[in-house]
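Two complexes follow with chain A in common, the first pairing it with chain B and the second with chain C.
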Partner chain A sequence: MSFLELFTDPLSRGPLIATLFMSISTALVGAIAFIRKKSLVAETLSHATFPGVAFGLLASFFFFSGNDLILFYLPLLFAFGFAILAQALVEKMLKEKKSADVSLCYILSFLLAIGVLVASYMQHSHVMLFKNLQIFFYGQAATMHDTHIYIYGALSLLVALVALIFQRAIKFSCFDPLFSSSVGIKSWIMKGTFSFLLTLSIVIGIRSVGVVLVTGMMIAPSVVARAFTKKFSTFLLASSLFGALFAFLGYIVCYLLENGAESTYSVPIGPAIIVISTLVAFISLLFAPSNGAIIKQMRKWRFQKSCILENILKFFWKTPCQSYHLIHLKKKQFASFSILLFALFKLVKQGYLKKEGLFEYRLTEDGKKKAAYIVRLHRLWELYLIEYLSSEVEKVHQSAELIEHIITPEIEDKLTKLLLNPKVDPHMQPIPIKEVL
Partner chain B sequence: MESSLKCDLLNVYYDDHPVLFDVSFEIPKGKLVAIIGPNGAGKSTLLKSIVGTIKPLSGTVECFSLPFHKAKKKIAYVPQKESIDWEFPITVLEVVLMGRYHQLGLFKWVRKCDKEAAIEALKLLEIESLANRQIGELSGGQQQRVFIARALVQQADLYLLDEPFAAVDAATEALLIDIFKKLKEKGKTLVIVHHDLYSVESIFDWVILLNNRLIGCGEKEKWFTPEKISQTYGKKEEIFSDVISQLKKTKSGLSL
Partner chain C sequence: MNPYFGKDFLSFFFTLFSRVFEAFFKKGEGVELVSDEIQILVLMFTSISCSILGAFLILKKKAMLANSLSHTSLLGIVLSYLLMKGIFAQKMLTFNPALFFLASFFTALLTIFLTNSCKKIFKLHEEASVGLIFTFLFALALLLVSLFTKNVHLGVEAIMGNIDIADSIDVKLSLMIALINLAALFLFFNDYKIFCFDETFAKIVGCSLVFLEYLLMIQTSMTAIGAFRSVGVFLFLVFLTAPYLAARLLSSELKKIILYSALISFFSTIFSVAFARHLLSVYDLALSTGALSATCVGASYPILGSALFIKKKILRLSYKEKTKEKKKEESFA
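And now, the complex of A and B:
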């Protein structure tokens, strides 16, 4: 079966398409929760839906004698109601000056405990209902069918529409709440929209991933999206797309595992999606273009390298006409042997040094200018520290050893002007004049 | 003398202690006004209650002889930097476009003319090259310029600014002062929470002295005096006002 057929095959399209819808809406709302720093609220609400589902199942059994359609919709409605109730309770506790994490944990455990009590009652008296309830606790994407596609598709569309319409209200109120209220945007618009979206997306999510894991669907896509976007609208869009992508990947992995060599067990889709999306989020944080861990490490290395190169040039500059052998340079402890060799190779390539026989090096004219410029920065900085920041003469050298590698031409210009183009440094050494490189 | 801002017996309480206590004052049009007072004197709170983000316990605020909520479109407010989420994914241009809220509301698409107005304001603040950067990537001075640009886009008659000079570089400060003075010449009123007492004389022409209650409001010649300042800042600041009066004497040749 090709991947496209997964979307049409009557057995696989239910779980796949319903899960895709679900992950788009949870990722979209998760992005808003991420930006509002309210991810823990999502966690509380998702657990609060559990007693809701339990009561919903019981109610549909007692009052509607287990009608299939009612059994389908009523738990969702009750879940929605309980999530709203949880928010009201948390609000109430916050008003009583309880801290946010105390309120959230308190309500989360309280409502979950009620759910577990009801569940254990159902386990003995209503075994079929209990099985239904278990689906919502751990989630069960594999048993979803066409009805799920329609209902979750419609609900996801509603989530996307509401988010689109109220995008500006959310953006303004989160970014700059004081300005927003000064122009007349009521903060309850944003808060109300957010809690509606959050509740709805959790209700959409619990059927396929369960109350315990549904928040996992919310966080990872927004973490990835945040690393690549700088506009709110693109951030929301990217987060939804990543949500869909992760869901698809998760589904494919499950599919391959289940249909692979002689395996007989079934792989739950929800947890697979969450594990995959968390891994991708982690990797994308490593590789993010502007502030990923890898790019940061590379920048650090580049800086260390340029320090070593400049220090070698400075050493040559002390006796500009003498050539030095590799062994001699090694004794000066610029770097380990291999790095030193690489640095010398680099300097020759840059044209600052030239080779005079095997492992024998000498400064070129360009190298002299470059080195003189570095020494100039060093001495300018020393002078500045003493004249303007009243440092002691003996202590400035250490700082200048580092700062000389950092000062940009603009700062050099400013220093020159501020210090009136000085000629001697605090140690009575001449400051090399600036030459065009 | 037409009034641009009038507060009448404003009382603001946090929990059960007063932050503003019976504050009443009136500011005519076309003034550059500094709000000065010690930490915790209620300077920011005064601005917040004028723009309605804090509800006063009692008292009224009038702008241009209208109750505040009717004059909203004539007011531009720049909050303190601390209240802003700098991590938020929003570009400089988008921030400035927020100033077009009164034209666009919550639901209309951003039009070309809105973008042009925003770019124009960015040019005035000399940061149009940063338009597509994320706001958090900018330096403190650049960020403040963005918020002033947003206020300019609002085309208001009354500007309320909460410490616009906090943590900005010298070039930005000079540019902002220049812009504020030009706005004043156009007949706009600017009310600015200000921390640096040394520069009050050279920038502003009115002062509001505040320490939970109003110490005084009026022309700086009359109210920005050592006695009033020491009254505003309590005993600890007496030395400061002594130094200021000594400075004045020295400058005017009255003593060495």
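And now, the complex of A and C:
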């Protein structure tokens, strides 16, 4: 069966499409929460929906005698109400000067305790309702059907629409609350919109991944999106697309594990999605092109390496005709032994140094030119500091020592023009003339 | 035969006191613990541990990190179980000190290390890194469980605990954890105190902040895993936060707060065990004692808060009336 058929097959389309809708809306709202630094509010709200679901199930049983349709909608309504209640309680505690951390944790655990109490009541007296409740605890995407597609599709559309309409206002209120209030965006409206979106997306999420894991659906996609983009609108769009992608991947993995040739594992979809998305988040945090941790580190290393190479060349240039042994270079403390060996190897390979016997090196013609160019940069910069920034003569050397590795040929051109092609530097040393490398 | 069978709220306490009295004066007989007493003991020890840790965690603003530990302790348990299974070919997840310590160390070290490195290396903000790591580890644990047991859904008991089947092993375990926490409290009270209130001063004095942070987290994960079987890893958070919040209303001195919060959660748990028995025998309503005690402990904060609020109002009213009467008398005079 091809992957496209999963979308049309009556058995698999329910879980797949409903999960896709759910993850799009949670990832979208999660991105806003990520920017507002309120990712853990989602955790509290999702746990707070649990007693809501429990009370909703009980109410639909007692007042509507277990009507199927009511049994379907009422828990969601109650969950929504309890999430709003939880937010109100957290706000109340914040007003009493409690820290956000403890108020979130207390409300989370207290409401969950009430939920578990009701669940334990249902466990013995209403076994069918208890089974329904358990679905909401860990989530059960596999048993969703077409009705779920319609309801969760409509709710996700609502979330996306609200986010789209308020996009600019949300952006302003996230990044610059002062500006947004001066433009006339009421802060309580933005707060209300945000908590409405958050609550709605959590209510959408709890059916397929459960109250315990719905937070995970919110954070990882926004982390991935953040690693690749800086623009707010692209960030929101990318986050929701990544959410959908991860949900699809998670579903495929579960499907393959379940219908594999050798062994059949039945794996819950929610945890699979979260594990995959978090792994992708780690990878993108490490390797993202502009601000991945490893990429940044490599850039740093490359710069350090070029600094060491240039320093070694400069040292050789002072006595161009003499050859030096490795031990002698080590005494000059350019770098540790292994790095020094590597640097010398690199320089020989680039043709700046020539090997003369075991660990004996001498400067080549190319090397002389290169080293002279670096010294020229150094001395030009010293002169510039003295003439234009009126620094003292004793202090310019340190700065030039750093900046000589950074100056590009264009800046060198400009400096030369600015200083009228000088011949001597402030320490009365000749500035080497520019040669073509 | 359970002597508490069919007892209502008041006679529960009567039976309890008479049995304690009996056990105290007839040492040779060896009175055997029954389930209600086991529940009281387990909850009492758990609440002592939680009150000690809760104060420091909340002062350090690490309550959500404790929440994260309560999730990831599942991974700690699963990993150490698999490891023990691989090494010693153990089959049952019975109480085993090595397993227990391994699990709590795994949990604490893995969670704290990953969260901190997320914050430092990837420059994510605190909330996002906490959320990212604990959902990941929890989902990983659920996946491992479903892969190795071929059971898609963990029972609710695994998360919610089931104190009604607790036995004497649980009493020993929770006693051990409480003793460890008490020992740490006596040894490191001053260190913890300055760690919570003034990190710079702690650094100057020469406390190792990293050591204290990891110690606190290891203690927390130990307590969470100890509570795994009794009240469950989530409801243990109620025991952490609510007693502190309630005790904070009564005092603002750290030692007193810890003492008061232990007392508050202790009395609420005894009340809840008696109340659960009362509900069962009078109304034939079987509720989970763990959940009931967690709800009671959680409710202690709003109840105490509103009681103090009402007391304040009454005092203010009576003061106003007094001043009015005084004024009247003055005007008559």
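One rule holds in what follows: the second predicted complex is superposed on the first by the 318 of 437 C-alpha atoms of A that agree within 3 Å, B and C clash if a C-alpha of one lies under 4 Å from a C-alpha of the other, contacts with A are read in each partner's own complex, and residues count from 1 in each chain.
Keep this in mind: a contact is a pair of C-beta atoms (placed from the backbone, for glycine too) under 8 Å apart; a residue touches a chain by one contact, two chains touch by 3 or more.
Every value quoted in this text rests on a predicted model; they were computed, and no experiment measured them.
Asker: Going by the contact rule set out at the top, does A:121 touch chain B (first), chain C (second), both, or neither?
Answerer: After superposing on A, A:121 lies in contact with chain C but is clear of chain B.
Asker: Applying the touch criterion given at the start, work out whether A:271 contacts chain B, chain C, both or neither, answering first, second, both or neither.
Answerer: A:271: touches chain C, not chain B.
Asker: If we overlay the two complexes on their shared chain A, which of chain B and chain C does A:195 touch? Say first, second, both or neither.
Answerer: A:195 contacts neither chain B nor chain C.
Asker: Now for A:98: first (chain B), second (chain C), both, or neither, which partner does it touch?
Answerer: second
Asker: Of chain B and chain C, which one contacts the greater number of residues in chain A?
Answerer: C
Asker: Contacts for A:178 in the overlay, against chain B (first) and chain C (second): which applies, first, second, both or neither?
Answerer: In the superposed model, A:178 contacts chain B only, not chain C.
Asker: In the superposed view, which residues of chain A touch chain B and also chain C?
Answerer: Comparing the two interfaces on chain A, one with chain B and one with chain C, no residues are shared.
Asker: Show me the residue ranges of chain C that touch chain A in the complex, using the header's touch definition.
Answerer: 58, 61-64, 66-67, 71, 121-122, 124-125, 127-128, 130-132, 135-136, 138-140, 142-143, 146-147, 150, 152-154, 156, 159-160, 232, 234-235, 237-238, 240-242, 244-245, 285-288, 290-292, 294-295, 298-299, 301
Asker: Looking at the complex, which residues from chain A come into contact with chain C?
Answerer: Answer in residue numbers: 34, 37-40, 42-43, 47, 98-99, 101-102, 104-106, 108-110, 112-114, 116-117, 119-121, 123-124, 134, 137-138, 140, 212-213, 215-216, 218-220, 222-223, 265-268, 270-272, 274-275, 278, 281, 285, 293.
Asker: Mind pulling up the chain B residues that touch chain A in the complex?
Answerer: Contact set of chain B toward chain A: 48, 51-53, 69, 72, 75, 77-80, 83-85, 88-91, 94-95, 98, 101-102, 106-107, 133-134, 150.
Asker: Quick check on the complex: what are the chain A residues that touch chain B?
Answerer: Checking each residue of chain A against chain B gives 35, 165-166, 168-169, 171-172, 174-179, 181-185, 189, 226, 229-232, 234-235.
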